[in-house]
Every structure is written in structure tokens, then in C-alpha cells.
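Going by the order they are written in, the chains are A, B, C and D; count residues from 1 in each one.
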Amino acid sequence: MVGGGRGAFIGAVHRIAAALDQQIELVGGAFSSDAERSRASGADFFLPPQRCYGTFQEMIRAEAQLPADQRMDFVAIVTPNHMHFPPAQMALQHGFHVLSDKPATLNLAEAKKLSQLVAKTGLLYGLTHNYTGYPLVKEARALVRAGKLGKIRKVVVEYPQGWLATRLEASGNKQAAWRVDPKRSGAGGCVGDIGTHAENLAEYITGLKIKELAADATTFVAGRLLDDDINVLLRFAGGAKGVLHASQISVGEENNLNIRVYGETGGLEWHQKEPNTLLVKWPDRPAEIYRTASGYLGAAAKSATRTPGAHPEGYLEAFANIYRNFAEHIRAVQEGRKLAPDDPALDYPKIADGVRGMEFINAVVKSSAKNARWTKLE
Amino acid sequence: MVGGGRGAFIGAVHRIAAALDQQIELVGGAFSSDAERSRASGADFFLPPQRCYGTFQEMIRAEAQLPADQRMDFVAIVTPNHMHFPPAQMALQHGFHVLSDKPATLNLAEAKKLSQLVAKTGLLYGLTHNYTGYPLVKEARALVRAGKLGKIRKVVVEYPQGWLATRLEASGNKQAAWRVDPKRSGAGGCVGDIGTHAENLAEYITGLKIKELAADATTFVAGRLLDDDINVLLRFAGGAKGVLHASQISVGEENNLNIRVYGETGGLEWHQKEPNTLLVKWPDRPAEIYRTASGYLGAAAKSATRTPGAHPEGYLEAFANIYRNFAEHIRAVQEGRKLAPDDPALDYPKIADGVRGMEFINAVVKSSAKNARWTKLE
Amino acid sequence: MVGGGRGAFIGAVHRIAAALDQQIELVGGAFSSDAERSRASGADFFLPPQRCYGTFQEMIRAEAQLPADQRMDFVAIVTPNHMHFPPAQMALQHGFHVLSDKPATLNLAEAKKLSQLVAKTGLLYGLTHNYTGYPLVKEARALVRAGKLGKIRKVVVEYPQGWLATRLEASGNKQAAWRVDPKRSGAGGCVGDIGTHAENLAEYITGLKIKELAADATTFVAGRLLDDDINVLLRFAGGAKGVLHASQISVGEENNLNIRVYGETGGLEWHQKEPNTLLVKWPDRPAEIYRTASGYLGAAAKSATRTPGAHPEGYLEAFANIYRNFAEHIRAVQEGRKLAPDDPALDYPKIADGVRGMEFINAVVKSSAKNARWTKLE
Amino acid sequence: MVGGGRGAFIGAVHRIAAALDQQIELVGGAFSSDAERSRASGADFFLPPQRCYGTFQEMIRAEAQLPADQRMDFVAIVTPNHMHFPPAQMALQHGFHVLSDKPATLNLAEAKKLSQLVAKTGLLYGLTHNYTGYPLVKEARALVRAGKLGKIRKVVVEYPQGWLATRLEASGNKQAAWRVDPKRSGAGGCVGDIGTHAENLAEYITGLKIKELAADATTFVAGRLLDDDINVLLRFAGGAKGVLHASQISVGEENNLNIRVYGETGGLEWHQKEPNTLLVKWPDRPAEIYRTASGYLGAAAKSATRTPGAHPEGYLEAFANIYRNFAEHIRAVQEGRKLAPDDPALDYPKIADGVRGMEFINAVVKSSAKNARWTKLE
């Protein structure tokens, strides 16, 4: 693991996600750029000091020299955005699979480079667009794929938060500080941090690609350098239209990721806040309430659930689904097994999603700079 | 009443709204352009045949000649859009107050003419943007006005419907037929029918004016001449941003008018589907559930409720609030009473809202024709 | 109308319910036991002074002497409970149909007497158990009747309120005062005021009769003479079991009337707070969301709705459905038309429901006095 | 671990709960009464064959002989009810702490014996009444304790399920089979399986003890020996009243554990289905929506949450909270640390809860056998 030492947020989430299914063991890490802190953090996780490294470079080099059966199987990257690409690149170059927090990189150029490297090395690369790990998000995708909604016409996806409604970064909040800093966060503020989740969710469920967009990004909090609110018109390949809006200044909102999709013959609605409910809507009969872990769900949703009865699954389970599938894929590679194209183990976000996310951020930033001019995604 | 004969929809709603508080009596009407049908409809309402007219012209002329204490007090117009202006104009010219279904007219030019006529005659003109009649919509406005949310930053307003997802107008549906016909509906399809409700609601609650917008309007159903879906970026005077989307092809949606407003220090959320609940959100304490008819509500919300306990109020009661206030205003005028500026009787949509609605429709149509170019409202 | 003068609550509700569909005209009343107040109230309703009577006796005698085409068609009784029977009895004896607020009478003996009188006179008697007027309550009943849920096994019905959690009656609240006074309210407090609504709703939807019950009634507020909270075990004829609880001390609850019914093959759930939604549940497929005014609903639900689209209906509309059906039934009687047994006009609570309600109150009071001993309803 | 081999349900839940916080390592187990199957299951969990035992007796004896730093720290028991007591007893007798699935034992006599043994050995005993692990359940308890609701008057707790609405046990369903078998499940069916969860939740949140109850238990499915539905009137020490109902034949219901508590000055409402929301109700101001992981929550709720932002927590996290606290308590014991009485590590269900649960089951069964006669809990 790179990053995620004491005081970090997403590192702990990654560790829980990895541990939950008992298929992955944390064997070492460069948890902090401060070697002392890295070791102290590692001790919290019951790791031997010699595998708590001071830098990711040190870690990758040292692990690469361990015998194959002791060496780490993959590297999880849980640092701020600007530190995604360097360790990912180096890990791949040393033969390690990579599971990275999103966005894949600091900018599009890096993402493309990474994509080429992944292709070249043939190694696996996973990206924690964790919301696609929810069972009912998978069911939503399956319903669209099966044509249950007919041809998709309209998508409304939104991700309002309120935690940056004031200048939190000025008060010593570490999470806020790097997110509003272009050097560490990249060209997008809200768009990069959560807008990409919305974009990824919309494309995952519908299977459609955003062709072009018109974006109005705003920085509401004075003194902030990056956007903290975006409103975007979407046009998808194939003719569907959509709206995407995300915000970090929507006071009182949590991680209110929501999506509605309408096709010619049906619609669906999902809310991250109540992730175990999926509404499926019909023109001439009652809307249906799909619930996680129900017998009538499809294979993808079922394989993403751990309990046969009806017990609420949450954020960590969804996150763990990314880890579980990634681990399963690694195992298949290690064992020389070829997976069928629809094997659930293949269902995790990959470098292509990472490139896509960077294209989205770029397009939003560009469009907004030109007063919401229509801008194509590459 | 003009329009609203047998087989009509909104006419019956108007009659119930008028009757509900027992302050208004239907005394006559031109219920249909077919004189026979008008008389038959009038008989359904227990009206004497001599006050069931074959045309609105006939009605207005005849009523104007009745003694003051027998003559109708105002004209309610419940026809399709193209038939709003002519009877409104003539009624005003003959000294009658007017309460019209929305939009005020077929186009902006008519709306302006009407506005001048209202100003000139000094008569009252009401417009049934009925959603502003809900008690909790009034509470929302009061909260914003009182500064409870701080300066407004973001507005998300939406009105998805699904009933026109197929070519219903080809199947003999009268309601669908005139709404998709530019001659009877005007330049806007979805934008005119329901988009204006969303616009009116947003401006009513926030007290802010939409300064400019960028709209992507679509006609999804082949063969249809007017838009059946709109996605709009909004910029308000004063710096707030927003998103407005409305649709008649969102399969499975009813009249799902929803609004969220976020200020610097608070947020609020209201759904027409469950109109007796208003969520009020705070940065650092639990969100609150405001409920219709609660003791803690403000004067405007309270005066818009009929039952002291907690009984669900619905669409018809909200609609009736427009009628009640309008009737109360007429009575004040008749009795020569001067109302205080914050008298609830003055709280109903007026010709200015009608002009505003036409400007909105125009701007959306124009912007969309220019590929979502930013377009100012006049 | 008997009762419902200035300051009353339910009288206004009755008047709105009567006016809403424009089929009923208020022609006179004894609105208060104070003749002056009665006249003043009548003036509020635009009534001529000569039909604003000082007592119900005066009213009934005077109206009975009017020519048939001027005389009132029926008497609406909207007084506190102890004043339900006397005017009902006298009205029937003078040939008038009666529509009474619930409960039918002060005690079971009166209810039986009234029942005999209704039978003997052949006149119509309606009772405003208004919650059965909701469209989706009618749909629920229709689903049970059609066997969609299979044989009914379990019923959970509840009606928590919080308004009497403190000794409101001591603070001059008129509504509270008579409700907690055995002389005006009868033997039951909470059980009579709202418990009977729950009982009526359960029997209406399921079509089953409560056979016996075990009740634990409590008076939580010191100094109060009647129960303000009841918990009741139910056994229905045919083997279904159930729970009924009602409360006036459940702080923060409005009129939270809720019901869940489970049969061998399906279940349903309805909440008065969101009356336009009915959940229908299945063992092996997604639960369904039935919504008021949808095309897939049955005839009873449809005939109880006024707007073809999807507009929230509320408490007043449900109440008005009782009035409308009652008026329609009177009209049929006046015109000598025989109604089919499933004619919607016959779907309103009648004297049998009134007797049933009094039996329920009696049984709860008796059972509770014997420490929740099982007690049969007569 | 005892039980939980291939094909089991709750064993996997326990393993995830134990693994989630990375503080507990599964080191061995008797996963099945079939030694071969036990070993195969252990291999699934990456365990060495020598620590995959054929019987719990074998396991306890062998582990007890290992050096202290290799030996297991505690035994988790995840077998059907009749196999809870024997391994718990033997583990305690051999010096191991015990964490058991609920109910603690097959009957009250065993529970008392176990309680004495726990007291005598001074070892720790935890019981997975997992619903008390939810952050907002802890917040609810804290609110009651802090007197925010005033003196508690009424409790409504319910746990409807629908999965046993048909005779599933006859179709080879293993989970159903042992639950309806008195030899393996004990004297209670529904009451033991889920009724005790409801009882535990009510006593946990309110801090009140059920003094006596009147129960109507039913077996709806023909051929079944144990109850599959219970309706219970509750009386708490101190005067509060309540209703508890649970069901396994409520078609379409999942694990719908719900609770409402009303005090003299406030009320609260929590639903397991949406466990991250707690409604707090007041007599004269808007109800409040408490959400998991919010800054305004108390210490207990906060310490039960893993993510600082607002990410839905689910069933597994709640379950893991029991494990985490239990492990933390063991660690404190091992390190000779004395915990403060309000240390979160002490907040897990213990043997007293187990005894309490058996008393509840006994009382329900006894009361029901005597036609719902009031029956005291010991």
C-alpha cells in the first residue's frame, strides 16, 4: 500500500475493503512520506518493520527482490491525486499489478501514459470507482443491457455534497487542503473529486459514452482556486441527453450520489444514500422496488452480495467488491485461468475508466472556460 | 368560465378549486366552442341555460350588461394556450377581472400586450401557477426571505413526466393533441407546459430572477413538432447558478416537480409528490422535516392550510389557494379595502409571472436553436 | 348542518368536503347552541338568517315544514360525540337522511337504537370514517377482495398521535376539552377518537370482522379520566391475527394512521401521511408502488379520484368522497333508481359501521378493565 | 470458530465481521461435525489442516495445549441454537473467552448455568445481538439516557419477515429446517429467532426492562411445530407500555426490524432497512433526521463508525462493531488494563442479555399457552 498512514481517510477504507473478504492480506506499505510515521502506521496494522517502507520507490524495489511467494501481489495506491501516477508507473514497471484510488492520475497526459504502460506490461490495473461496486448498480446495468428500458433517452446524474461550503481548507482540514490545491488535485476541484464518480456511474449503468458536454463550473467560496460546483449538459453517443451536476457547497448534503435513467420503455432510479433500493419504473404498471440480495436479481448483483437474506449492504461492501473482483482476477492470472468475458471477476473499473475520467475533467474545465461551449470528449 | 366543458381536464380542477372554500360561485360560462355542448356542460353544473354561452364573446357581452349585483365578478379561462389571450383581453376590456390557466398567452408579444392592458385597466389578473399554492412552498419562500439559508448559491429544479413517451397524440388523446401542436400550444412543448412551472417555482421560492440560460431541448418522439424534453443551465441575477430540467418522456414519472435550493448557510428540498414535507438542511446539525399545518410554520404557510391538525393537503387545495387569494383580493377591491403588501390575499401569480413565463419559453427555444448558447431573459 | 359554527374544526372540513364536488349546497344549519353565534356563523356561509337556527330541534321542525323542493335533503351532524344521537334520531324521525361525524353515538345502546331507526325508516345514514375515502384504501380493499393476497393472516394497524401528550385540555383547548370528557366523548378516549378509525380501516380493507380482542389501555397524562393510549391484540373471524395500537401521547406524531395486511401470497402497506402510495408486496418479486390515479388501478380507486393525471389527493378529497357517494345515493333514492350492489355510490360507511365502532370501544374498555382479558365483540 | 463451514450462512457473516477491522485473525475451527468438511472449509479460509478440527471438543482441547502466544484468544460459536451451550461451556471451562451467536442457549436452564460459569471463570462472553451494533441505535440509546425524550411512555418494536410464509423447511432449505425444529431451535420459533432481537433492541435503547407481557403466538403454516408469528403486549418496569410483534409469515418483508420510542418530551424512530437514518421527534418543532457519521452525534455512535464522511454503513459493519468491541475488551484484559464503565469496548451484548432473551422466549411461550395471560419475566 502506498499512502494511508495515520490520519488518512481513504487508506483505512481500502484496508477494510481488502480485508473484508479475507482473500487479501496487507503485507507491507509506504504509508507516509515520513519514514517514521510509515513504520508507526505499519505497526498499527501488525506489520513487521522491515516491510514498512519510507518511500514507494524503496518499497517497490525491495518487494521486487523478494522471492515470488513472499513478495506482494499488487500495490494499492491511496495517496492524493498527484501521487497516483508515479507509484503506479513504477509498480507496473517492476511487474506489480496496481489498484489505485481515483482519479487515475493528475492529468490526462499521465493517464494516457499509464494506459499504454498497462497495455504494454499486460499487468492488471484497477481503479476504485467504488460506487459501481453496489449490487443494485450492477442490477441497473444489467437491466439496461438486457434492453428492459428500451433505447436510453435521458440520464440525470448528480452528486451534491456540502462539506466545502465554507473555506474548510483554511482551518487545517487535511482532506480539504489537498482537494482544493491544483498541484495535488489537478485541474478539477469538485469535477475531479466527485464529478468523475457521477460520470463513471452514468457510463457504467447505461453503457453509453458521453460524446460532448457543456459545463458551467463555479467557485463559490472566495479564495479557492478550483471549482466547487458544476452544472453540465450531456450528449451521449447514440442520441441520449443528460444532466450532470455535482457540488461541494450544497449545504446539508452528504454523499448524495443519485442517478435516474429513462429509456423508451422504462426508467430506473438509484440513490447512494439508500443503496439497497433500486426503483424500476414502467409506463403502464406500478413502479417496482428492487432490493439488494433478493432472489429475482441478476447474476451480477447476486455475486456482489455477501448475505443471502436481506441485510443492508453499505459503502464498505461496495468498495470491497472492487477489491474482491480484482483479487479474483489476479488469482486467475496467477493460476493461468482464462476468465469468460462476463465473469464477475472482470467487473471492476480499469485504466480505460481512468482515462475516461481524465477526459471528462478536461472537457468540463475546457467547456467552462469557454462559457459552457459544447466540448467533445476525446 | 371559458372552456372546461365535458371531457376537459383542467376545467374541472378549476371548478373544484373555486368551490372548495365556498367563497366563489360559478354563475355561467362558455364551456365549449360548440354551443350545444356548452349548454349541456352548464346543466351538469346546475346552471340556468341562459348563462351557458356559445362563445366567450357572447358571454362577456351579455354579462357586462347584467346589473352589477348579478353579473359575474371575474372570468376564469381554462382553454388551451392559444385561447388564453383573446378572452383575457376582451374580459379586461369589458371590466372583468381575469383568472387564467397558464401560460398566460400563446407568445411573448401577447403577454406584453396583456400586461399593458392589466396595468391600464387596473383590473386584477391571476395565473394558476398552482404549485406556488402549496403551504410548504410558501414556507420555503419565507425561509429564504428571512435569510435562514444565507445568500442563495444553487438551485436544482426539475419536472419529469412520462406520459408523452410514446406518440399519444396520434391515438386520439385530446390532452396530448393540443399540447404538441404549435398552433395551440405555442413555441414550447415541454418547456411551455411544465418547464414554466419549474421556472416559476424557482423564482417564487428564491426571489431571484433567472438572468440567462443555456438550453438543450430535444424532441425524442418521432413526428412530434415541439420539444418533449429540456435540460437547462441557469444563471441567476446575483450570482446563483442552477439546473432546470423537465421532461415528458421520462417513463414512469408522474408530475414529479422537485426543487432543491442551497444558500451559504442552509438548504431546502421539496417534492410535489409528497407536498406536505419540506426538508430543511443545515451544515452542522440534523436536517429538519417541516410538515404542513405545524405550529412552527410561518404566517404564509399557515394561511394556506385549512385544517389545524396534520391532514395531508393535496393538489386541489394548493390550486384552491390561488382561487381563494384571488377572490379575497377581488373582495377587497370591491369593498374599497387597501391590503397591506404582505397580505396573504396578494400572494397569487400575476401577469408579471405570465410575462416572465413567456420570456423563459422564448429564451429556452432560442438558446436551444443556437446549440445551447447563453441567452438572456429580457 | 348541526354544529360547526365559528371556532369548530370538523365542521369546516365537512363543509369543504360537501362543497368540493359542487353536488351539495349548504342550505341551513344549527351551527351553535348559541342562537346568536349560529346566525353569525351562517352569515359567514352566505346563508339567509331564517335558515340559521338556534337549535337542531328548531331546524328539523322548520325544515320539515318547507316544501319538498326547498327543504334540506339531509342533515350533517358535526357536533361532539354526545350530540350525535339526538339530532340523528330526530332527523330520521322527521324524514331526513343523516350524515354524521363518527363515532355514531355516545354509547352502544344509542347506536343500536339508531340502527333500528335507520332500518325502520328506510332512510340513508352515512358516517364519516373518512379514511376509507382514500382512493388507495379502496384499491387495497379491492386487491384483498380479488384474492390477490390470498387468505389474510395478519393485520397491523396503528394510529399514533402526539397532540395530547401534555394536559392540553387544561389550557383552554376546546378540541382537547370535550375529547377527554367522558360525558361528551363517551367511555373511550383515544380508543373512541382514533382507535375506531383504525378498527374501521382494518375491517374495511380486509373484509374481516374482529372476533375478539385483548386490550391494554392506559391514561398517561395525570388527571385525565379517559385512556390516551391503547395497545390491542386482535383475533379476526377466520383465523387472522392482528395488532392495533393507537395513541395520543406519541410525541411528534401527526395523524399517523398506518396499516399493513399480510395474506398467504401477498402483503400491502398504506400510510395516511403519504396517502397516494400503496405498497404491494410479493414473496418472490419486487414490491410494487401503486400510486393514486394510475391507469392500472381498479374501478373503486378510480371513481374516488378527481384528476386523471397524477396529482396528490389529500384528506379533504378523501372526506369529500364520503359526501359525494352519499349525495349520489340520495339522488338515486330521490329519482327512484336502484343501484347495483357494487355501485361506487354505495361505498360509504353506514350505521352498521357505527354500531361496530361502538362495539369495538366497548370491548376495548371492558377488556382493559379486566387486565387485557380476551373480550368478544358482539 | 465452531460451525460456519461450507453452506452455512451466519458463519460467513461472523468471519467478515471479525476480519473487517483487521484486529482479529481466524486461526482455526471446528467448522463442521463432518471432519472432512471441516478441513475443506478451513482450507477455503487459508488455514493449516492441523487447526481444522473435527469436533469442538477436539479443538478446545488441542488449542488449550498450545503455547499461550499461539493459542486462539477466543471461540466464536456460529452453530444452530442447540449447539450453542456445549461448546460455550467447554470453552469457558478451558479458559477461553466466548463470542456466541444468539440466542445464548437452547433454553433458560442452560443460559443460567452459562451465566454462572461466566461469573465463576471471570472470562468474557459476548453475544451477537448485532442490531445494537448500528451507530444510530447507539445514538438512540444515548438520547434516551441523556433524558432528551423525557420519561419513556411507549415502545413499539417490530420484526416482520416473510421468508417462512410457506413450508420452506419441507423443500430442503437448511436454514429453515433447523429453525422450525424444537430440538435444534428451542421452545420458540419466530420468537426465538427474531423476537429476541426485538426484545433486546427495545431494552438496549430504552434502558428499561420488560416486566410482564401478554403474548399471542401463532403457527400459521400447517405442519410446523413452532410459532411463526407473535403479537405481544408489553409492560415495562416503571410504567411504560409497549407492543412487540414479529413474524416470519409477513409476505414481502425482509428483516424489517423497526422501533419507535416515545417519552414525555420527545420520540424516536429507527428502521433497520435504512439504518443510517434516525428520526427524532419533538412536540413543537420539526422532527430531525439524524444520519450516521454526522458531527453532531454522540461518542457511542461515533466510535461505531469507520468513515468520517457520510457513507452508508450496513449490517456487516454493525456486526463487526460487536466483534471489534469484544476484541478490544479481550485486549484490555490481556494487557491488564482496566476500562472505564463507559468505554465503548464494553458496549456489546453479554451473558445477561442472553439470559434475558431466554426469559423473554419462555414468557412468550408460557403466556401464549395460557391464552395471552400476563406473564412476568423472571
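By our rule, a residue touches a chain if its C-beta (ideal position, glycine included) is under 8 Å from a C-beta of that chain, and two chains touch if they have at least 3 such contacts.
What you are looking at is a predicted structure, and each value in this text was computed from that prediction instead of being measured.
**Student:** Chains shared as neighbours by subunit B and subunit C?
**Tutor:** Both subunit B and subunit C are touched by A, D, going by the contact rule given at the top.
**Student:** For subunit C, which other chain has the most distant CA centre?
**Tutor:** A
**Student:** Indicate the whole-number Å distance between the mean C-alpha point of subunit A and the mean C-alpha point of subunit C.
**Tutor:** 55
**Student:** Hey, how far is the Cα centre of subunit A from the one of subunit B, in Å?
**Tutor:** 43
**Student:** Can you list every residue of subunit D that touches 2 or more other chains, as numbers and ranges?
**Tutor:** 287, 291, in rising order.
**Student:** Within their complex, state which residues of subunit D touch subunit B.
**Tutor:** 279-280, 284-291, 294-296
**Student:** Where on subunit B does subunit A make contact in their complex?
**Tutor:** Those residues of subunit B that touch subunit A are 149, 153-154, 156, 158, 160, 162, 165-166, 214, 216, 218, 220, 229, 231, 233-235, 241-243, 245, 247, 249-253, 260, 262-267, 281-283, 287, 371-372, 374.
**Student:** Name, in rising order, each residue of subunit D that touches subunit A in their complex.
**Tutor:** My answer: residues 9, 12-13, 15-16, 19-22, 26, 45-46, 163, 175, 254-255, 272-276, 291, 306-317.
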